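Quick heads-up: structures coming right below.
Shared between the two complexes below is subunit A, which pairs with subunit B and subunit C, respectively.
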Partner chain A sequence: MKQRSIQLLLITGILLLLLSWVHLFVLQQEQGANSTLIFWEFQVPRLLSALLAGAGLSLSGLLMQNLFQNPMAGPYVLGINSGASLFISILILGAAPVFLNELSYVSAAMIGAFLAASFMFVVSKRVQNIQSLLVIGLMFASFTGAIEAVLQSFAAPEQVKQLFIWNMGSLQQMSAAQAPWMATLIVFGMATTLFLVKGLNAMVLGDAHALQLGVKVKQLKIAILFVTALLAGSITAYCGPIAFVGLAIPNLARALLKTQDHLLLILFSVLAGSCFLVAIDVLILLLDPWLSLPVNVLTAVIGAPYVAYLMLRQR
Partner chain B sequence: MITIQHAQVGYQTTLIDIAQLALPEGQLYALIGRNGSGKSTLLQSLIGQLPLRAGSISIGSFSLEELQKNAALRSTQVAYVASMFAGVEALTLRAYVSLGRVPHLGAFGRLQASDLEIVDEVLKALNLSDLAQKDTRKLSDGERQLASLARAIVQDTPLMVLDEPASFLDYFNRELLLDQLEQWVQQKPERTAVFSSHDIDLCLQKGIPMLVLHQHKLTLLDKPSKQEVMALL
Partner chain C sequence: MYNPATFQMYRSLINFFGLVFFFFLFGCTDQKTTEHSKKENLCQHSQYLRIFKNPKGYKVEILDPDQQRKLHVFQIQKPYTRIAVLSATHVGMLAALDQQEKICAVSNAKYLHDARVKRLLRLKRIEDLQTEMGFSVETLLQRKAQVVVYSGFGNESQQLKRLPSNMLRIANFEWREKTPLARAEWVLLFGALCGQFDDAQQLFEQVEANYSHIKKEVQQNNHSNQLPVLLSGNLYGDQWIAPAGQSFEACIYKDAGLAYLFSKEQGTGSVFKSLVEILRKGPAVGLWLNPGLPSRKAILKQYPKAQYFPFFKKPIYCYTSNTNKYWEQAAVHPDWLLSDLSQIAAGQTKKLHFYALLK
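Then we have the complex of A and B:
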């Protein structure tokens, strides 16, 4: 059992290296130029943002599924991205240009993500089933969308355009200067998660049971909310809202590894999430001569049917 | 030793009123009472999940309040087997039983070889070895109930509390359960186990001391006859 998991982790790791190489290669072919400057300023940041966003979103999905004790939870379906998105809109449209910097973007997104996650968590205590929770997540997303629309009607065309592009989700917007920041945030989030493994493992039995096993359930839940906000918030700030990765990949991890050992699930989700987004970006690059697709279109084309399949199988 | 003094147990109203009771260790106790008499409620208080309305309970050298405040400490003192475990997808029986070792693990929650040895030994004693790799969702209710017992055994605490641990078990496994519990309490001198049951005949036959809940009172009967028990119920 354990051996199988380790084999799967190795295979996924090798696949990731391979995909990353293909990504760099395809991008270089497309650029046509072979310069070190373009490599470091353009190719590496784009690969990095795919790697980091895939890893971080999958991990935040895994954490949320543990927190909500439901395999259908994820940062996108429960409106965590929407919270981040709303706060970024407020920032772009409302704040003086002086305040529009790296730090303010990321903090706004993280605060928005944290508030949205906390709100959904409180709501989840009051609803009986996941269907209701998903509908509330949907309502929450359309509500924040409406507020954004109202805000936009007051905004200058330039700002609206900026928001529109950001909302499409993209792996190309991160600059070489931003890459270390995003990497630091995501790696910090991942490292923190490793300290939560013991509690996460016990939490699959439910709150009362985990408490009986000595887990400080309340502290653990707050830690999960913080890490989720950190991961989903910072990714949303740098790449825009990206759908389905956070929901689909952890489910794939459990289905393939057949385990609830969260150390293995974390490692696999991180690797597989990275693989998935890098592969998606390779696809985008290959299709680019004919049509230019935003990330969200492709993640939805693959992710949405898979999630629908999971829902059907649950019955 | 479990000592209960002037304890009032219940949610909104006092359901059970215990003036004074001491349970010496090294024993297995059967909690008997009619439906709705408050067996589960009493057990919830005994594990520190439901605060007492008044009075005090001490378990070994700790008061119940101390244990309530400190989940980590409690997990080394009290193990609890709920009446129902529905199973978790992708969680194997062996992985589930291993979670009983959580209170003994380091910060990263890794199981050591010694932990797995304990787990496998208990699985063998409960005839669960062949099911070790099976998904807990795919086990029968009875198999899951035995798995919960195994999980509590490997937790290795002075007190084990079980809420109707035999409700899904067949005749043979009921015997196995009681034998295992008796063995468990005798393995270490400080151990005590309390389980609720409707299986009066089997408990009488095994000579297990009974805690009888009747009219909001709790009475300890050491080696009762059937008439004595029935008279109280």
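Then we have the complex of A and C:
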């Protein structure tokens, strides 16, 4: 079993390298005076965005599924992205321009994501049914959307426009200067998760069993909430809300690896998440001569039927 | 074998059918011409608006741009005095005719530019319906609106369907027209509604004359083949949204002597382009129009990587110094718009009506 998992990890890693090479050197070959500038300022950050956002969203989805003991949990469907969006909206529409900087964006998104994740976690203790939890997640997203709409009615047209653009989600917004910041946050989140592997494995058997194994369940859950907020919040701050990756990839990881060993699941989710978003962006580049598609359209086209399939399988 | 009798018979038959064909051809044409002269369409440019004068007043036909069938056909017998307008463009058309007093409701009042409309709003003589799509039917009934003019985006909203049958509702498809003059011609509809048709016609004729004059001047002065290459629009998420090649914007760019980057793109609405394509075509661009933001700083705030656009250092013009003035007046005054654009194209801006150079 472990050998098969390692083989799958290797195959996914090779596929990721191949897709990244196609993304950067085959589909985006530029010639002319600005080719170097375009390469470093537009093409490399775009690929990094796909790699980091795919990895981070998949990992946060895996952590949430463990925390909620629910395979349908994910940062998008449970409204974690919506929490981050709401706080960014408050920042864009309410804060003085001097406070609008990189640190404030990331902090606002992380606080919003943390509060939303905590709220959903408290709710999940009272609601055992998967469908009910998903409906509450949807309601929460509608609620945050409504608050955003109210805030927009008081805002200047430029602010509304800025928020509208940000809400569309994009892998092309991050600049080369921002890339190290995003990379640091995501890598820090991943590294922290590796320290939680023992606890995550124990949690699969339930809280009581984990306690018997000496796991500090309460601290572990707070750590999971913190890492989830860090990952989902920072990705939302840099790329806007990106749908379905966090839900679909961890489920795919479990289905393919057929294991509950979280070290393997984490590694596979990170690689497969990156692979998925890079593949989506490769598809966008391939289709570019005929039609220009936003990233969320393709993630939804592939992700939504998969989520529907998972829900049917749950029944 | 040649037979003179058979030849004669064929010749008679050909002559007979020729005569019948001739009779039908000219007979039909005559009938058509007579019918046409009875019902002369007073709109010369518009594709979707037809106005006919008759003894009772004006008969108006509005065509659905997607299905090319008549969407509204109505007779205006007497002027309307309580008109609800759901778009800034409609406010501009009524303001151009000095008929603001006849407006009973508007949408998104906080963005409006016209000083008289703003005063009437403060006096509560005009109601703010907030959004165009979600207005209150009850408010319109309370305000005793006789006519509701809306933009006609997609299907009619539920609110419009709930309006009583005696309240005239009109889809204003000026935004779907292919030329700026066709767009401006919709002022005739507002003229007919308010009982100011002659004034509207006079205004339009003046606009048409000014437009043609400026266009002619541009053509005469433009001896060089090196037209400034224009890029319009901005990046929204992953997509650059710009006017399509057959839109009225593309038409006015051409008339102003600008070489529009997407002039060959099909469609009358918008085109969606990837950032990759914009970067590839960017070095040829000499002028960036309508980024939708008021300054270069605002552009960079929204998208920091804009500093690397090859055209970011080139002149950037936008109407954002007074956005709603543009939305209210540019449709009815394409001559002013053409004047602005031709000055920008020539690189000599003396008096601009809507545009400003972004700093």
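Here is the rule we go by: the second predicted complex is superposed on the first by the 307 of 315 C-alpha atoms of A that agree within 3 Å, B and C clash if a C-alpha of one lies under 4 Å from a C-alpha of the other, contacts with A are read in each partner's own complex, and residues count from 1 in each chain.
Definition applied: a contact is a pair of C-beta atoms (placed from the backbone, for glycine too) under 8 Å apart; a residue touches a chain by one contact, two chains touch by 3 or more.
The model shown is predicted, which means the values in this text are computed figures rather than measured ones.
Judging by the criteria at the top, classify the pair subunit B and subunit C on subunit A as clash or fit.
When both complexes are placed onto subunit A, subunit B and subunit C end up side by side without any clash.
So, A:71: does it touch subunit B (first), subunit C (second), both, or neither?
A:71 sits against subunit B, while subunit C stays out of touch.
In the superposed arrangement, does A:240 touch subunit B (first), subunit C (second), both or neither?
second
Please indicate which partner A:38 is in contact with in the superposed arrangement: first for subunit B, second for subunit C, both, or neither.
In the superposed model, A:38 contacts subunit C only, not subunit B.
Should A:213 be classified as contacting the first partner (subunit B), the second (subunit C), both, or neither?
Touch partner of A:213: subunit B, not subunit C.
Angle at subunit A between subunit B and subunit C: what is it in degrees to the nearest 10, using CA centres?
150
Applying the document's definition of touch, where does A:259 land relative to subunit B and subunit C: first, second, both, or neither?
first
Which partner does A:288 contact after superposing on A: first (subunit B), second (subunit C), both, neither?
A:288 sits against subunit C, while subunit B stays out of touch.
Give one of first, second, both or neither to describe whether A:195 is in contact with subunit B, with subunit C, with both, or with none.
In the superposed model, A:195 contacts subunit B only, not subunit C.
Can you work out, in whole Å, how close the C-alpha atoms of subunit B and subunit C get once everything is superposed?
39
For subunit A, give the residues common to its interface with subunit B and its interface with subunit C.
none
Within their complex, state which residues of subunit A touch subunit B.
Residues 1, 71, 194-195, 197-199, 201-202, 204-205, 208-209, 211-217, 254-255, 257-261, 263 of subunit A touch subunit B in their complex.
In the complex formed with subunit C, which residues of subunit A make contact?
Its residues touching subunit C are 28, 30, 32-34, 37-38, 41-42, 100, 157-158, 161-162, 164-165, 168-173, 175, 177, 240, 284-285, 288, 291-295.
Which of the residues in subunit C end up touching subunit A in this complex?
111, 235-240, 272-277, 279-280, 282-283, 292-294, 298, 301-305, 308, 310, 323
Could you list, by residue number, the parts of subunit B that touch subunit A in their complex?
Listed in rising order, the residues of subunit B that touch subunit A are 47, 49, 71-76, 78-80, 82, 85, 88-92, 95-96, 99-100, 102-103, 105, 107-110, 133, 135, 155.
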